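Note that subunit A is present in both complexes that follow, paired respectively with subunit B and with subunit C.
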Partner chain A sequence: MKFPDKKAILIILLFMAVLLLTTPVYAEVQSNAEILPLDKNTDFVISSDELASDILSYLTEKYLDKNERVKLGTDLSDAAYIYANWNGKPKTVHDSKGQAVTLYRPLKKVAVMNGETLETIRSLGFDETKISGVGKYSLEEKVFFPEYANKTNIGSVWSPDYEKIMYLSPDAVFIYADFMVDKSDEIEEKIQSMNPSIKVFRFDLFNPSTYLEETKLLARVVDKEKEVDKLALFYEEQINLIALATGNISKEQQTRVYFESWDDYKSCATGSGYNEKINLAGGVSIFEDATPAYPLVNPEEILIKNPDVIIKLIGSGKLNFGGYEDSDAGRASGVHQTIIARAGWNNLDGVKENRVHILSNDILGGPEYIIGILYLAKWLYPEEFENVDPADVHQRYITEFQHIAFDVRENGVFVAP
Partner chain B sequence: MKKIFLFVVALSLILFIPGAMAEDCLQGVSCTITPTEETDEYKITIQISNVTAGGLSIEFPGNFEIRDTNIPIGHYRGDDETLIVALTGQKSIHLDVICPKLASGDILTVWEDLAEGTKGGDELSFKESEETQKTNVQYEDTRPGDPITKESPFGISGISAILSLVIAGYIVTPANKKPMQEDEWK
Partner chain C sequence: MTIDSEEFHAHCNKIKAKYRTFFIGLTFLLILLTGIGVTLGSAEISIVQSYQALFNGFSERFCQFFFGAEPGTGSMTEIIIWDIRLHRVLFAIAAGFGLAIAGTVMQGILRNPLASPFTLGISSAASCGASVAIILSGGFALLSGSIATTILAFIFAMLAAFGIYLMARHKGLSSSAMILAGIALMYLFSAVTSLLQYIGSADQAAAVVYWMFGSLDNTTWPKLGMVCLVLLMIVPYLLLKAWDLNALSEGTEVAKSIGVPVERELTIFMFLASLITAVIISFTGTIGFIGLVAPHIARMVTGNDNRILIPASGFMGAAILLGADCLSRTIIYPSVIPVGIMTAFLGVPFFLYLFLRRGDTGW
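This part shows the complex of A and B:
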């Protein structure tokens, strides 16, 4: 039997020694990051005695030593918050990807990359001053997100600015869950490899079938559990209103819709978010059975299928206007004129009966899908929704949940005609 | 009978809803001072509303000595004239104190909610306490170190009470115009 030479043994021993010495140090750093403030006996509970001791130190300096300049330390304010709101224990929360994250401190500084989360977090009443960075596209929405105009730009899912995120060093970063999933996975991995103490939460918040569930999870993350019920009730009211009016309509009697995105002849089929929204409004897409989910359709087929209602979406691509950031209705009207002037379309029932509508993606694509669906329902079933004004519901959402001074009847372009 | 029943329901709403709302919203401490049979000895009772993690300072008009209290050991301390208390969820605390100057002077209480960043305070003499169990001023949106500003506790509960009265009036008035028939209940 041949023994390894002395040099090799020495290298192995040295390697093992380094391994043994560094592992406890690393573990110490990790566990230190996951200890509750003022949890002196590290039992993962801030007891009243542990808290009282530091409260008394603070009060002594302020009221006995009469030091008016004394500042409340971060540990004490965090511990007081955890004691009052989390029963003195760490709080485990989940995101839309099912990832469990245990919080040992309240989130006081966050960065939000996607606008849907930023909008929903505002609906929940999360303190704007706790948001230090926002996504590139949210910054461009100066009318809708005015309070974030001076926040740091952390880029987008397509071009995240890691340097800015590291500079901000937030407690948490919010990114997409399943939208651009590969890119979002990459962003999560990179942030955590650069700074493992930054929590990464994944939420989409634009899909009607999961929106309220996601919102409830988000509310737990940002400690807004009490506020989420009011928001959920608002959404449920609208969905119930539509379901009540359209629930008994048979498949054969459903209004048939040709839906087109901002790209000409790009429609929607089963599996797409827009198809789901048409269904929620009680309608059916004439290209429901096409593939893929967003099929590029043959113009001839539209003439053959002869839809009852035609919906054209604006707000992105070549039709990047309308919505909150644009109050000039001229371009949306122009799109309407172009649509009805398409070759052969004067024979379509939808055109003959003036049932061609332009809809802004601002009220269909994101958390405001509920407003867009209400407009769709009214256009699809005008008699059933005769007494419903979607603009009223839209204004209520803006006033009660978004808290911005914006009159939906006076500003923006959301529908035409 | 049904009219009376309806009125009773409305009255219950008037009485209960504002109370429940006030319970949810009001924050702060209220104090009562009662002299005991012993010379210069007073019983001070402090009710604490919605301050789960915070502190309280009680400044006496002169030297004081605690004879008895339900505050846990280690949750309070003081010097000659000021007592500080850590608030960690107590709803009510009481103190039996000897304080000769309390007969003619005020005590100053200041509370802070360290979890919410709110604070408030009050001045009270035992004579005022006897006259009315004066309470609770609410200070919202002030941060430790901010000047103390008073705000009426009337707020939401008062408005709710008025609204409830209006609703009650609305319910009762049509009934007066047109007596309700038996089958209208079916």
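This part shows the complex of A and C:
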């Protein structure tokens, strides 16, 4: 029985050959050379002459010829916009990764994968109708992002929906910069290899040390340079307020905090975002020197270190409640009860003095870190912040910047007690 | 009881017919699944449009390649079919084929029904390499991003294979020595991976877990090309050497007595099976299950002759992986379940069904 050998080999070879054939035939789609609309002499400047003739012919047709059906073309409206706002020249903008992108038209259709960028872009007053696709997690936040509920789902950084992105073919896609950096790099590469005319912008927008800089870059990308100053002022106001009250406290007198994320006994040390935020609020984590950045600590050690204040974070993992999307405060208080009932905790100063607080990640993790830090500061130094109500600042942010009808005192669960 | 030559030939023909039906059936199944695969996706493209784009794209690329026509810009549907769906479907076939063959070879040389890239620690070594890249990526300025993940996963997988070989050689290369060494290494690499996950931040740990699920989301044409090239070089060799593998499956003494250079052949088979596995899983993450189950399913139909078993389990593996991928893209539409999870859901019930019906595993 010799023949199956040859036959099998033949079948396999044929099968592989077919697979291989398809590979080299694939060729990259060439990108169109980019030019400005109505830039007839292609000198990368829209001059008044270039623009005037088209405007005149449009006006003539519409008003002198009384042609009701004539519509303002995209080229003309874009060119007029560029002439008025960009001095008639292409605009080079940068993202948080330092990548320079030259825009030849204003962004009119964008997809935003990360919620932080979506929130900040809303703070900047970017027109909601220009956003055609949003990330999976933004769609789940129906209370916080109501106006985006019907936008196309383009997936998440874990599993981006490339088909939907290609199908939308937006002018630009916004994804994370350094968060999940490998995955984000890959998403950028893939989108650009499939359709080079889609611009990819990388922004994180959750890091207190870079948030304002990133916001300024983002504002240039979406042409909101005027609006960004107001937002920056709001953030600086709060930071200055805290710095003024806590700046003079020496290291030894700083309030000592035990911070725990939604996982039991998972705390924070130097190098973590939580630690940075505790420091900004003028406090110090009792596990500051631990490794790794998010250490799982020994419960005994908490009893020995005896923190002044205890902060427990909710909003993800096993404690996925609270925040904007949940108005039932019962579960947050339940967490509070469980925490203070832990073995030996009745001896902790923080528990004895009722300084155990539950905080929602919605106001600590993303662009609203400023609200969370203000709450932390008030809990750490109640006397210094006697006249400050973080809920007022929170409400101001919601009303003035997020433009949603939401009362932070009536709805949502952000802190307990 | 004696059988005359006529009866013998009739019996042979019956077996040949069975093989033929098996291969033709699987080929049709693969073609059918490919046809279904390219129409599945989240973009609103009808089945007719999908095929139009597929054939338009094909003729365009064909002209470009053979007659040097100018590359077209390609419509949006064509980009979706050709740059997102098609290479994924073909990659599922190639990867399933390769992993199943690697599993067959390992089970053959180790004479153990439990051997697979998973049990030999190669998969967990690859996971370890990937997590080193993901979590310590700041350390290597030159190597970052998904390329680093792929390269390190590959290097670690090959290191594991080499480590098993060295240890087993020291102990005289018995199959149980190889399996023990493999299992020990598997635990070691898993521990390192867990440690790295603990050190890393939440998002890095999550990235590692996601990598370990195994997924076909990140396939590209060049990756498919590389996998096919490796398979194209190795598979014909394995088929030519199938008799040696048959002899090795009977035990080293038998193989030695009929003149097979046991140590050399073992080393080569081990190396080739590891290479196939490493190349595939360094691109996809651990889709280890296919390497265990596809050979068993194929063995129940075709028996232990590696000349038939190798291609049969290859086809079986391709069908399982492609089927699992199609399912994983539809079951909780529009989200995609990582295919590594889906293969177990699809493969285990099928395997158990065959296993319980027959009452043995064909060994």
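By definition in this document, the second predicted complex is superposed on the first by the 384 of 417 C-alpha atoms of A that agree within 3 Å, B and C clash if a C-alpha of one lies under 4 Å from a C-alpha of the other, contacts with A are read in each partner's own complex, and residues count from 1 in each chain.
Operating definition for what follows: a residue touches a chain if its C-beta (ideal position, glycine included) is under 8 Å from a C-beta of that chain, and two chains touch if they have at least 3 such contacts.
What you see is a predicted model, and the numbers here were worked out from it, not measured in a lab.
In the superposed model, does subunit B or subunit C contact more residues of subunit A?
Answer, by number of touched residues of subunit A: C.
Identify the partner contact of A:Asp49: answer first if only subunit B is touched, second if only subunit C is, both if each is, neither if none is.
first
Quick one: is A:Ser169 in contact with subunit B, with subunit C, with both, or with neither? Answer first, second, both or neither.
Only subunit C is touched by A:Ser169; subunit B is not.
First (subunit B), second (subunit C), both or neither: which does A:Ala84 touch?
first
Looking at A:Met180, would you say it contacts subunit B, subunit C, both, or neither? Reply first, second, both or neither.
In the superposition, A:Met180 touches subunit C alone.
Please indicate which partner A:Leu212 is in contact with in the superposed arrangement: first for subunit B, second for subunit C, both, or neither.
Touch partners of A:Leu212: none, neither subunit B nor subunit C.
Looking at the overlay, does A:Ile239 come into contact with subunit B only (first), subunit C only (second), both, or neither?
A:Ile239 contacts neither subunit B nor subunit C.
Once the two structures are fitted together, what part of subunit A is touched by subunit B and by subunit C alike?
Dual-contact residues (subunit A): none.
If you look only at subunit A, which of its residues touch subunit C in the complex?
1, 4-5, 8-9, 11-13, 16, 19-20, 22-30, 32, 136, 153, 155, 158-159, 161-164, 166-167, 169, 179-183, 185-186, 190, 193-195, 272, 291-294, 296
Flag every residue of subunit A that touches subunit B in the complex, lowest number first.
So the residues of subunit A touching subunit B come out as 48-49, 51-53, 55-56, 58-60, 62-64, 68, 72, 76-77, 79-81, 83-85.
Spell out the part of subunit B that touches subunit A in their complex, as residue ranges.
Going through subunit B, the ones touching subunit A are 52-55, 57, 59, 72, 74-79, 82, 84-89, 110, 113-117, 144-145.
Using the touch definition from the top, list the residues of subunit C that touch subunit A in their complex.
Going through subunit C, the ones touching subunit A are 12, 16, 19, 23, 41-45, 61-62, 64-65, 71-74, 76, 79-80, 82-87, 90, 93-94, 133-134, 137, 144-146, 148-149, 198-203, 206-207, 210, 215, 217-218, 220-222, 224-225, 228-229, 231-232, 235-236, 239-240, 242, 307-308, 310-311, 314, 334-336.
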